[in-house]
Amino acid sequence: MEKTHRFSLYLRKWGLPAFMLSPFMILVTVFYFLPVILIVVLSFTSMGSAMRWDFVGFQNYRFLFEDPNLPTILTNTLIYVSFTLGINVLFGLTLALLTTYFIQKESIGLFFRTIWMLPRMSPPVVYVLLWLWFFDPSSYGVLNSIRELMGLPPTMWLVNQPMTAVILANGLIGASFGMIIFSAAIKSIPQDLFKAAKVDGAGHWSIIKDIILPALRWPIMFVTIWQLLSLLTSYEYILLLTNGGPGFDSTVLALYSYHKAFQFFEFGYGAAVSVVLVAVAIVLTVMLWKLFGMQKIERGARID
Amino acid sequence: GCSTDEDAAGNESAGQENEAVEVVTITAQAPSPETTRVDNLVRAAEMLNEELEKEGQNIRIEVETQMFEGSWEDYYRQFMLAFQSGKEPDIYVASHANTGWLADGGYIQPLDELKESEAYADVYPVLWDAVTYKGHVWGAIQDTEARPVFYNKNILREMGWSEEEIESLPEKVKNGEFTLDDLLRVAEEAVSSGAAKYGILHRPVNGPDFQVMLYNFGGQLYDPEENKIVFDKEAVLKQLSFFHEIAQKNLIPEGLLSMEWSNIHSMVVNGEVLFYFGGIWNIYNWGQDDFHKELGKVDPEWVMENFGMMLYPAAEEGGQPITLSHPFAYFVSSNAEHKDLIIRLLEHVIHPDLQTIHNVETYHLPVTESAAEHPDYKANITLGDIAYMTEYTTFLPNHEGYEPYSNAVFKAIEAVQLGRQTPEEALEALEVQLKNDLRDQLTILE
Amino acid sequence: MDISYRGEVRSQVSFPKALKWKKRMPYIVAYGVLFITTLPVILMYLWLLLNSFSSQMKYGFIPVNFTLDNWRFLWTNVEIAGSVYPSIWLATWNSLVFAGVLTILEVIIGVMAGFALSRLRFPGRHGLLKITLILHAFPSIALLIAVFYILNFLGLFDTLWGVVLVKTALQIPLTAWIIKGFFDDVPWDVEWAGLIDGCNRFKVWYSIILPLVKPGIAAVCIFSFLSGWSEFLLLYTFIISDSNITLATYLQKLLSDPNLVPYGLLTAVSVFYMLPVIVFFILTQKSLMHMHAGGGKGV
Amino acid sequence: MRIELRNVSKRFDKADVIENLNMVIEDGEFVALLGPSGCGKSTTLLMLAGIYKPTKGDILFDGQIVNEVEPKDRKIGMLFQSYALYPHMTVLENIMFPLKQMKVPKKERVERAKEAAALVKLDHLLDRLPSELSGGQQQRVALARAVVKEPKLLLLDEPLSNLDARLKIEMREEIKRIQQELGITTVMVTHDQEEALTMADRVAIMKDGELVQYSKPLDLYHHPKNYFVAHFIGSPPMNFLKGQLSVQNDQLQFAGEGTKINLGRCLKEFNVRDGQSVYLGVRPHDLKLGKKGQISLTGVVNLTEPLGHTTLVNVTVGNSLFRFFSDKKFVAGLRGEVEISFDRHALHLFDASSGESLSKRHLADEEAEEASENIIPM
Amino acid sequence: MRIELRNVSKRFDKADVIENLNMVIEDGEFVALLGPSGCGKSTTLLMLAGIYKPTKGDILFDGQIVNEVEPKDRKIGMLFQSYALYPHMTVLENIMFPLKQMKVPKKERVERAKEAAALVKLDHLLDRLPSELSGGQQQRVALARAVVKEPKLLLLDEPLSNLDARLKIEMREEIKRIQQELGITTVMVTHDQEEALTMADRVAIMKDGELVQYSKPLDLYHHPKNYFVAHFIGSPPMNFLKGQLSVQNDQLQFAGEGTKINLGRCLKEFNVRDGQSVYLGVRPHDLKLGKKGQISLTGVVNLTEPLGHTTLVNVTVGNSLFRFFSDKKFVAGLRGEVEISFDRHALHLFDASSGESLSKRHLADEEAEEASENIIPM
């Protein structure tokens, strides 16, 4: 009797969390967590196109740190991630504020949000093609056509500023992520608070700063960290836009890992690059975590 | 065992009742879009089945085909994974350049028998090199293509060339009378005279074409003895200098290496460029979209009226002109059973009729002499006259290390064209890069 | 003028004359900024749209020669370089099914997990949160190889379910995290009320709390649907035999030979590709922009 | 600040909430808004605050139309019925918020916020978040936040509803003190009549979005404009009898269901006509046992509730229930008949159909009223 | 349902909120929880509801420990202080929700919900969302939702705070009626003492998380257990004087600041010792002008507030303010001295340091008390 009672208590305490979490946990463990472990193991092998698990110790890491391009790639990664992240978060926030707070008319807000979603909705290849077509250094590039009409010399913007292009192209896509999440979060703020703030004399700036931003603390933190990690690991658009060039001018660590693993099929080496990437990511995440005062935002359940 | 008696008696149905016909399914996969590569296998299977029937064998072949859409890398990766789980196709269609890793990884089996096979007897000898690796033949050559230099006849006319001079240009090139220096000179002239906006145009992204120049300057990419990629510094320097020079002289548009393909096509079709280092399939391209400002889509007839195609001129007077191709081959998985049947299938698939279907439909060149003589092929306005190019063709190494090599070289070309490095500086940097990327797979030829 | 007990001078309230303007100023600025920043994007996609209906762009941006030819894929099976493309409608249907299944799976599992992470009490909650986030730092491309071994081990390689599960797993931390934030904002007193009114926590979750996090669910739906819609890599890495073409692969087919890209067709197909997502996005807007009205004092 | 509402109407999607509200609040005046639940009190406050814009009509502050003035420029402090505390700010931050908007220097801000917190007895909870407070504590934070900026116009929507009696009294006094010291024009919604009547300079009674009566507390009590107000104000409520009037040689007669009352010579005081259907009303406190009053009636005792110092007697007059206070020593057999009476000035007559008061006594007269009337027995 | 709390404590991260609460609520009993803001009333209700688990101690329903029983299995109805309406459901759906959980058939569900809505006079707003309701209307929806399922235990957290006086009285009657008809054990938190004292069978007074007194309303009034209760209950509050006791030949003498009072022979009734520091307390209603009472004292008139039927007189006794009710006709010059007196049974003495009542009269005696005491003057 006592035992069954204890069991039912146990079940109650753990039953629901277990039930709610188990699909998530199983999926994540099997298809995320285990692969991650495999990747780490893989990074100690010289696996190549033959897909053989030949353990070579730290050789891949040694190669990586001897790589003459590593400093450039790291710098690129840093620049790319920090600027794109800035655009993603700040611009996403701006868009969300503009389209949900300032523009109260639903249809207009929707129009602008839809426009900003377009880059994310278009197939990456086509999105990149648009960029290439617009900024093509030939006189057939859309911008250059216009410049030609106005009697201006053609620009070589993509060649001269590959990183800027990469950052902008990615920034626009990332901004829509923030925009959607922030918009939804802004709409979740009880209307009462806006009323109270207005009555308390708050202007737009103060409402944004003191009401909206604190309410968005979680989403902002989440979007920042998530985007940070996404950017660290993203290579797709760079691959299509500049393929890391010219030279290594726009190569980032993730792209490098991709090149190594899937262009040259050095899987072991690619895994090692990923592991280094993750190490960097963890450090940055923990820093951001502290910066946002994550522990403080987290509050416990209010049902015993 | 086969019973001719039964066959003679025409008692087919009875025979089938006695001995059920075994159907062997052979799977084949090719990358999009050229379905003819695998469709030809189906056709070949029909031929083979007829033959088997005649032989009275109780075995028939069925080819299951599959196309892959995606990048090359995705295609290779998929094959690797499929192989690991035993789900790979029996016949894997890929470019010859993959021979090395496919063989090294144990993915495919040698097909040395084919070299002795009668069906493959009139394969252009040079093409065997493309699928030979470590002394074995690993693939059945499937097709090849031509990467000619297009020249704009109108521009030459404007520069005062006579019609005859224009038409004989390919011949002169072939004979080594018109050299690379001539090409540069004419291009320069065209630009300075205003007849053309640009003298030369080459592909804007990395690709095999860039290595044509290396071969042209007598360079070497691969050492089959040692099975290593060769860094031929002298030739590479010349190669880099060439690309440096055309940029320096403004023969090519600024920023060419970051342009988009469609704009390249536009420039060529609209007659802004004298020489275009292209591919035969471009003719097809130009009929797909409205690249021409007035005419829109242009058909092959128009192209042949306005453009000529020639080999890459030799680097020196009297030298050998050159081109490069990227032949495709059928590879056979090392897990494939019924190798004998597959070999027989491959012997059928090289039939000139089948080749021609593929060549005409997809702008490829034949791999056998008999196919080059096929009437349908010869009748083709664009292809008919360039079959000769196969004889001048060169290939990329089919060693795995070529991929990083070509990448590094492309970056070096980029650097010199953008004026960031002199060819010498670029060469030095390239050496460092190659050593890092290829490590023990590289030999350096000073 | 009167003097308050704090001794400071209190001025009469006065309301500026140019009131309407001053009031509208922030809005004008907002519209201005939005319009200026959005214009390039609008132009870009307008260009894409016009391009798909014309065979050429004069001066690069003025469409000439109106044509529906680029849209022929809608009524015929396009043939390029000898290969006949499958029907776009089949591809669309397949994409819809894939994205739909993915969205449903992800939303259900993610919302369940998000709820647990936000509102249930169990040890290790915090750690779990962090770990799932950090996992995202592994480039999914790097994981491909590892995931392959797992799938192969489970016998799920070359099955559609395998891809769906992998895709869901890769996306699920995102979903759980987004939705957790929204759950955090739901006042506790409504949940209390639900419990009192006879629900268990599970029931409270779906009958009371879920409707209140509609914006979050909408956001999650958008992202899941989008990622399912555009999924290509996994499908083509882990499925060999399946020839179910999706829109993403249809596009990829058009691009498969970089030398043979039919650009006009490509623009039209990509516009077509985007339409369902745009429609989906607009449909979710009502939920996404669901105003938090509240009722009572909310604690 | 002098507030004026001119023909203000407000309609929501589903309902007309305020209709044609006209009202003037003098500078420094303390007005209480009273009315049944859902009559539009909060809506009125929100319009004054500028959160809602009137659908029709104008709101004037010091003679200027402020319809388009943003809430932040109106120099108001407001306590919301739902408190609307900022959930992510601590108590101190919540209270400081309005000061921050006024750009008060940080140090002074903290000081003043702490003062305000002390005022509402929350100085020990400054670091708590609103979700960690009890209902009454939340309400007090809201109160502190409303008053801390010393606004020109203070709007209080049931500011004390969740406080205990002791605290309520203290808070009342504090509010009143601040209001008077600073001369803040104040509008307070309350359901506590005692609160309204004792704190306010004037009381506005609303019903279904309309202003029914707006006058000094005493007037409200003694001169209700209509049946609704008479019924609404006062505890226990006024006693009513429905019936017909008839005039018989200068004397007014009332005939209700099962009872007849001679109202005497009060025709001068009322606007009545013969045969008019009316409600007759008398406040319990005005009724006396016995015949001492000018008008008397008879009732049957229902129930007596001894209240210590006095006894509340329930009697049935005609068909209606009447309540009055008798001496502590009153003892009557149940069902026994009693004679009760009241003075003529305590008589209220309301038209039965319109509900309007028929009294001729005007508000202007109020000053002239006897001192003895200047009290509100609660 | 019989409820028992045994040594129940509750602590939050930042504070101990409930400490060692012991309390029994009999089946069908109506208990009112009274106490200052923030004393832990809502927390107690939430523990009864099962939302919060006691940190220590047990809660028993009908003799069974229910600490671990889910709220849904407790058969309770609750009205939250914050209403906690479901924002996405209409009024009707909100009210129907508990019934839905009980699997009441759809038709009956609608019927019962409509009935409940009518009870709280919201039948015309059934299709509104909570956000489209006024505060009072929201509160009534919450009330309807709490009672509609006819729970075994009804928990009401300030159920009527946002209703107008009229409605409040009606709702009180409805709650009481339902409670009695169905015999629902009810715990109600309220700040309205009148409400508590008139509606409840027993009243629990809490202070700082502790139960201070738990007894019948009359006891609370007449026999406050300590200074806090005495002070907290009653309006106007009890009058207090602080001072020293001294015993002089059977007579008890009280010496406060500036005043001396002879308390007479009441040593039997109080547990006092010579020299003890005490609070002396008398309720205003027990004070009479003149020397008629057994104990008399002198005060200086401060202020008189005529209240119509009576006059509230404020006098200073020693250093303290005393209030009492005099006859309506009382007139005294300001600053004039008056003699006031009260009977010995009205005397309250509390230990000055512990605050405990020193009275020997026990609760058990209450039955024996005179009838005249059985009333609470408000």
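The chains carry the letters A, B, C, D and E, assigned in the order they are written, with residues numbered from 1 in each.
The criterion applied here is as follows: a contact is a pair of C-beta atoms (placed from the backbone, for glycine too) under 8 Å apart; a residue touches a chain by one contact, two chains touch by 3 or more.
Note that this is a predicted model, so its numbers are computed, not measured.
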{"item": "Common touching chains of chain E and chain A", "value": "C, D"}
{"item": "Chain pair, most C-beta pairs within the contact cut-off", "value": "A-C"}
{"item": "Central chain (by mean CA position)", "value": "C"}
{"item": "Intercentroid distance (Cα basis), chain B paired with chain A, Å", "value": "39"}
{"item": "Whole-Å gap between the CA centroids of chain D and chain E", "value": "25"}
{"item": "Distance from the mean Cα position of chain E to that of chain B, given in whole angstrom", "value": "96"}
{"item": "Sites on chain C at which at least two other chains make contact", "value": "188, 192, 195, 252, 292-294, 296-299"}
{"item": "Residues of chain A whose C-beta touches two or more other chains", "value": "129, 133, 140-141, 190, 192, 215, 262, 302-304"}
{"item": "Residues of chain D touching at least two other chains", "value": "70, 73, 75, 82, 131, 135"}
{"item": "Residue ranges of chain C touching chain A (in the complex, touch as defined)", "value": "26-27, 30-31, 33-34, 37-38, 41-42, 44-45, 47-48, 57, 59-61, 108-110, 112-113, 115-117, 119-122, 126, 128, 130, 132-143, 145-147, 149-150, 154, 165-166, 168-170, 172-174, 176-178, 180-182, 184-185, 188, 191-192, 195, 201-202, 205, 213, 215-216, 218-219, 222-223, 226, 230, 248, 251-252, 255, 266-267, 270, 273-274, 277-278, 281-282, 285, 288-294, 298"}
{"item": "Of chain A, residues touching chain B in the complex", "value": "48-51, 63, 66-69, 129, 132-133, 136-138, 140-141, 154, 156, 158-159, 162, 242-243, 245-248, 259, 262-265"}
{"item": "Touching residues on chain E, where the partner in the complex is chain C", "value": "46, 49-51, 70-72, 76-78, 80-88, 97-98, 101-102, 129-131, 133, 138, 142, 145, 149"}
{"item": "Residues of chain B defined as touching chain A within the complex", "value": "73, 76-77, 80, 84, 101, 104-107, 205-206, 253-260, 262-264, 266-267, 400, 403-404, 407, 411, 414-415, 418, 420, 432-433, 436-437, 439"}
{"item": "Contacting residues of chain A [partner chain E, same complex]", "value": "9, 12, 303-304"}
